[in-house]
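Take a look at the structures listed below.
Paired with chain B in one complex and with chain C in the other, chain A is shared by the two complexes that follow.
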Partner chain A sequence: MKSGIKSEVYDKLAGIAGNVSNSEIENWQKQGGKIVGYFCPFIPEEIIIAGGFLPYKIRGTGSSDTSEADEFFDTKNCSFVRHCFNHALLGKFDFLDAMIVGTGCDHTRRIYDNWQVAPLKTKLVYLLDHPRTMGTEGMEETIITYYRAQLAKMKEYLENNFGVEITVPKLRKTIKLCNETRLLQKKLYELRKVENPPITAAEMASVLMAGASMPKEQYNEDLKTLLNDLSSVQGIKKDYQARLMIIGPAIEDPVFYSLFEENGGEIVIDDTCFGARYSMKSFIDEEAEDPLHAIAKYNVSDVPFCPKINGSHKNRIEFIDKMMKEYKVDGIIGQGYVACDPWGSSFGMLSAHMKDAGIPYLRLEREYISTETGQLSTRIQAFIETIGGRK
Partner chain B sequence: MIVGGCDLGSTTGKAAIMIDDKIYCGDIIPATTKPALTANLAMESAIKKAGLNSIDEIEYIIGTGYGRQKVPFASEDISEISCHGKGAYWALQSVRTIIDIGGQDCKAIAISDKGVVTQFEMNERCAAGTGRFFQVMAKVLTCGLEGIGSVSNISDNPVSISNQCSVFAESEVITLINDEKSIPDIITGINQSVAKRVVSLVRRVGIHDDVTLTGGCSKNLGLKKALENLLGTTIKPLPVDPQSIGAIGAAVFAKEKLLAKRAKELEVSSKE
Partner chain C sequence: MNTEIKVEEVDIYKELKTEFGGLGANSFQGKMQDYVKSGTPIVACTDDFFPELFEAMDLPFYFVVRQGLESAFHAGRGPEAVDGYDEFNGASTLCSLQKASAYLLVKDLLPKPAAIVMTSTSCDAQTAVNELMSNYGPWAEVPRISVDASFEKDEASMEYLGKQWIQTIPFLEKATGKKFDLGKFKEVCEESNKQTQLLFDFQELRRAVPSPIRAEWGFIAYMGCRWSACGRQEGTEWMQRLYDATAQRVKEKKGIDGVTEKIRYTWFDILPCWSDKLFPRLEQEFGAVNLMDLYGYCAPWPSIDTSSLESIFTSMAKRFLIGNPMTRQIFALSTVYGGDAVNIAKNFKCDAVIMPGHVGHKDGAASHKIVKDMFRELGIPFFVIGCDVFDERYMDPEVVYQKISAFFETSGLT
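What follows is the complex of A and B.
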């Protein structure tokens, strides 16, 4: 662990994050458990877990090539979907019993399209439509109702294909379970507010990633142990030059984090998929009469939002401003994959806001897996020097 | 006080030595396949120009450029963006916008009235709008880089090059050659196409006078003219070699760092 603490549970979680498969998954399957793949934070794990499944977020960890996937995807599709699908084609996700794809953006949707025609072992694949509008006055309940209906369909799909029943009491239980995960992850985030955080951004990312790759009950126990391990740690040296907030799609590449560490940038907070956009939302109503409605409401109206949602810019700016204050942020990094359309257009608006507000802002276009790092490193170093020059 | 800067670019190596406030630039060294060797060759040339006997006389050296971490004799490294800002301001204090067009990057840098970088923009990974683009075009036109930069090549009837990718633009130029377009028309078209690309970067940081041009491509007069037309302002020449500005900036930083280091040492010893 770069921060220097010795924590067995951290080593375990980092190991899970560092590989596509892990022993938790293998044990689950040995005991006859089924695994459902997904990605996009708005696909509710609560429903998957209530069906007795293990939700597994697919990712391109360890991928270095997209040549298999390039047969199916166009060059204008982003590297995230291509690396993930490449893994799928290489059989790395053969442990999945079903796959749920969300309409996060047009690139991710193509995973659904291609999954149906590609020679993959996992035959069951489902497309969950997530609404892309909010903030239209008077439309809120219509949008929630629509998503609730979509979730009910997804629930039925799992029930019918696997002969399980996803009941209201089961959903209440899993809502509580996932709320606890978010609460524990929030506590982990809190630790990064101080000058000497006991855990680095890259380490934190591994811990969060592990949470989407193993059973939640065990994960929550591991998080509690980790929080306890971290409580007595001195923390990293304050030899960094700038505290940064990073915004954009998921960062699942350790090399990308290292570029900041090498250049004196400490990422203290984020607005990324499966980072803050999973952990820093509020909680799902545990007492709701209709849990599906509560889950739907949470996933269409709670900040921070994916930029694919029309009308979410204002909420994003509010969230960023709030986090900047709480985490004493010196500068903002807007990073996105080449060809990322939701973030691509969002960054233009963000850049204008940052300029008006006088906030140092760096836009980085990158690939899901960093290969050529020279130019990225120059930009990051120069940006941190610019912040240093202002101080 | 003797300090130095070494700028290991993608295409060339440059070094500058500052003795008190006077700058001595070495020759521009074509990059070899070994960054340390390029750095040594560049610094040896600067040492000769400065009339020094050995590198040991230089008290502090800063590395910059693409290979900044590979400069064997540097005490630390600073990005070329900060160094171009520092160097251009040192050379001409009225500069607020710097356009640096090097071998594989082009950058637009805004600096404050104190010479501090406030904002910058850089081309995305591909070679469009950089020296490499010109190299590819010079090869197709068999005119050499000097031919592309020559003022006598500026035409009033330039062709339009629509492709930004140097590989595709190369085929586009081959088509134009086969259509028997005149070489000055094609060359002016190439310079205008690069200038358009660069100006969109400059607009992001804002065009504030004075604007200056640094990096290897600053020697391309056709490009300079195309940039001036699009920017609607004149590009101020610098009193030193604009290709060595990164190395000069690194040397200026080296002086500041050395002074700060000495002040700190003095503070510590006075406390003891």
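What follows is the complex of A and C.
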């Protein structure tokens, strides 16, 4: 379903999201700019941008198979990692000057190991140690301080390898810049609270994805223009049967969104990596004396996080419950990749929570790129019809 | 077809196994039902926490994942527990051992603890169970402490972990009413150091050609010293007897009774719960002797520095991050994981290395090429199976046997 957005800037952002590379990246490089790839949202863009780099979130857009990556990763590894690594082996990420991988789940963490030995053009690869615990009373500051030290190491790595200086004023400036992005994205999300939102979930996802693949200053300007364009859009026709919230890892496959839209479901809010979780929660303190500490705090304590983080489930539930009320959600979709144990387990607990709360809940296990959609579509259709029958 | 071959143990090892059973029965875990009946406070924790603290505080504890092993798989109820977990609609590809542990938890089959202690390692599956322990059902309100372990292994990281672990003392005192005594703690740690040294010495003996004992003894020794009688004199004495018996066999150049050793290999993962259906057949058919597994392997495991409370915890952290089986290999770079396999192959004169490729070990699955390349360079045959070391329904042990047979044959080892 398309909303009928008539906006040049939307077309531009959708174009960026639809391809791995884009004209913004090409222009950036032509001007001598360097690009740093990264995998998980807890790797702070603020530091990368403060070094004068363009941060690029790795994704497997357009990938159709994993045959190259399967030499490095087993089929027991998730398809997100395999599609992304396949792209890397095919040279799709050759525009990267460096890569930062985090110590998140067992699958993405091993990207670091394999990147080092694979025949890839980008030789600089860094492993950022991110804490995997949150919410332990009395230990928060210890954990934040540890992550701050790890961020300082990452900063030094970038400084030493590229001869740049990442200063406190530069960090403050980029915190402000990224906070503005979050604020603008939040405004975009808020447009979806209404009965007939002017932008669909798939379109929204494209806009968010583009933001992690182009210079932030330009992106913020584009978001402002888009928000202005959307103010005059009448909104999608309210012919959907259910307002849905979707939870899980990033959704970067437009086919997956279309399965909901085709079956009468409208995803109005999410809790996904690089989705609402990134922009709806608190912002980084722009005035903090120690910006690195502020960045560390945001990523350790403030954002409801990846299920790989011990203690994150409680935060996730709070966030989901809050969003459900604000966005008038009729049902919840828990979607995750096959082989993703942290999300899989989290969905089991979420199922119990939703059952207790009497909220319709559907669990979907899928591959990163949808190939066999028939069964998924049938389950989604049945779920939406069930909700429709209850209303 | 009956594929099980009865393994005969020589008398001294029969005795040692009986004594090992006694250590287990006398352990906190072995007496758990008594504690439950008497209402004694119990601690539930992840298996990567050190038992020395509980021993020093005389605080009954159990490892949740060990319950999955003993109360489910060793009790013949593994498949039931795995299927039970799957009904809960959790992670379909979760490690079957963790599935079994999670099942016991959500079915209220584990003793309700007075406190929960967790550390953020080592694999995704452990995190999944940690989160269940924190959030599910009747345990939701149980006081808990969750400690963050660094992936980094430098001095600052050891201090980071040690500093957090110290916080478990006031936490446990408050949650259980038990008192901590530094002097007692030091005594336990010193006894634990003796056990660790014996584990190392025992490992050295196992390099002998022919191998004096089966690989399972490495795991049994680990369980005896770490799980059942950590820091207890009775555990040290038992370990000493195991060492002495094995040293005698080495001196006499005795190999495994009834086996003519022709192929020496390592099974680089946890020993399967269905070992009886595999290893004896390989011994009889090919003279193939398994020398080592992941839990039976003691990598550099630093002593506990008992000079102060801080030094104890920092050295515990060091031991944990760079020595603890599986944590060391999984919660580290692939080169450490593969490097250990290479060290075993070299030091134990292995003719071949078998990586079971346990379905739950996602990090291992992402390391196969790196490890394979290491062995290609060394010229040692290397094989990845892709089985489930706990749940034999995933890949029938007969299929595993056939695969290994073919591997031995095609590698020119037969």
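Brief remarks follow.
Here is the rule we go by: the second predicted complex is superposed on the first by the 390 of 391 C-alpha atoms of A that agree within 3 Å, B and C clash if a C-alpha of one lies under 4 Å from a C-alpha of the other, contacts with A are read in each partner's own complex, and residues count from 1 in each chain.
The criterion applied here is as follows: contacts are C-beta pairs under 8 Å (C-beta built on N, C-alpha and C of every residue); 3 or more make two chains touch, one makes a residue touch a chain.
The structure displayed is predicted, hence computed values, not measured ones.
When both complexes are overlaid on chain A, the residue A:Asn310 reaches chain C alone and has no touch with chain B. By the touch criterion defined above, A:Ser21 reaches neither chain B nor chain C.
Residue contacts after overlaying the shared chain place A:Glu365 against chain B and chain C alike. Applying the stated contact rule after C-alpha superposition, one finds that A:Glu385 touches chain B and leaves chain C untouched. When the two complexes are overlaid on their common chain A, residue A:Gln375 makes contact with chain B while staying clear of chain C. After overlaying the two complexes on the shared chain, residue contacts for A:Tyr146 are found with chain C alone; chain B is out of touch. Touch criterion not met for A:Ser258: it reaches neither chain B nor chain C. Of the two partner chains placed by superposition, A:Thr225 touches none, neither chain B nor chain C.
The partner of chain A that touches more of its residues, comparing chain B with chain C, is C. In the superposition on chain A, A:Asn161 makes contact with neither chain B nor chain C. Taken together, the two complexes place residues 338, 365 of chain A in contact with chain B and also with chain C. Looking at the complex, you find that chain C touches chain A at residues 88-95, 102, 118, 120, 123-125, 127-132, 134-136, 145-152, 156-157, 160, 163-164, 167, 330, 333-335, 357, 359-360, 362-363, 365-370, 373, 386. Here chain B touches chain A in the complex through residues 66, 78-82, 105, 116-120, 122, 124-125, going by the rule given at the top. Contact residues of chain A toward chain B in the complex are 338, 365, 372, 374-375, 378-379, 381-383, 385-386, 389-390. The touching residues of chain A, when paired with chain C in their complex, are 71-74, 76-78, 81, 103, 105-107, 109-110, 112-114, 117, 127, 129, 131-133, 135-136, 138-139, 142-143, 146, 149-150, 307-314, 338-349, 351-352, 363, 365.
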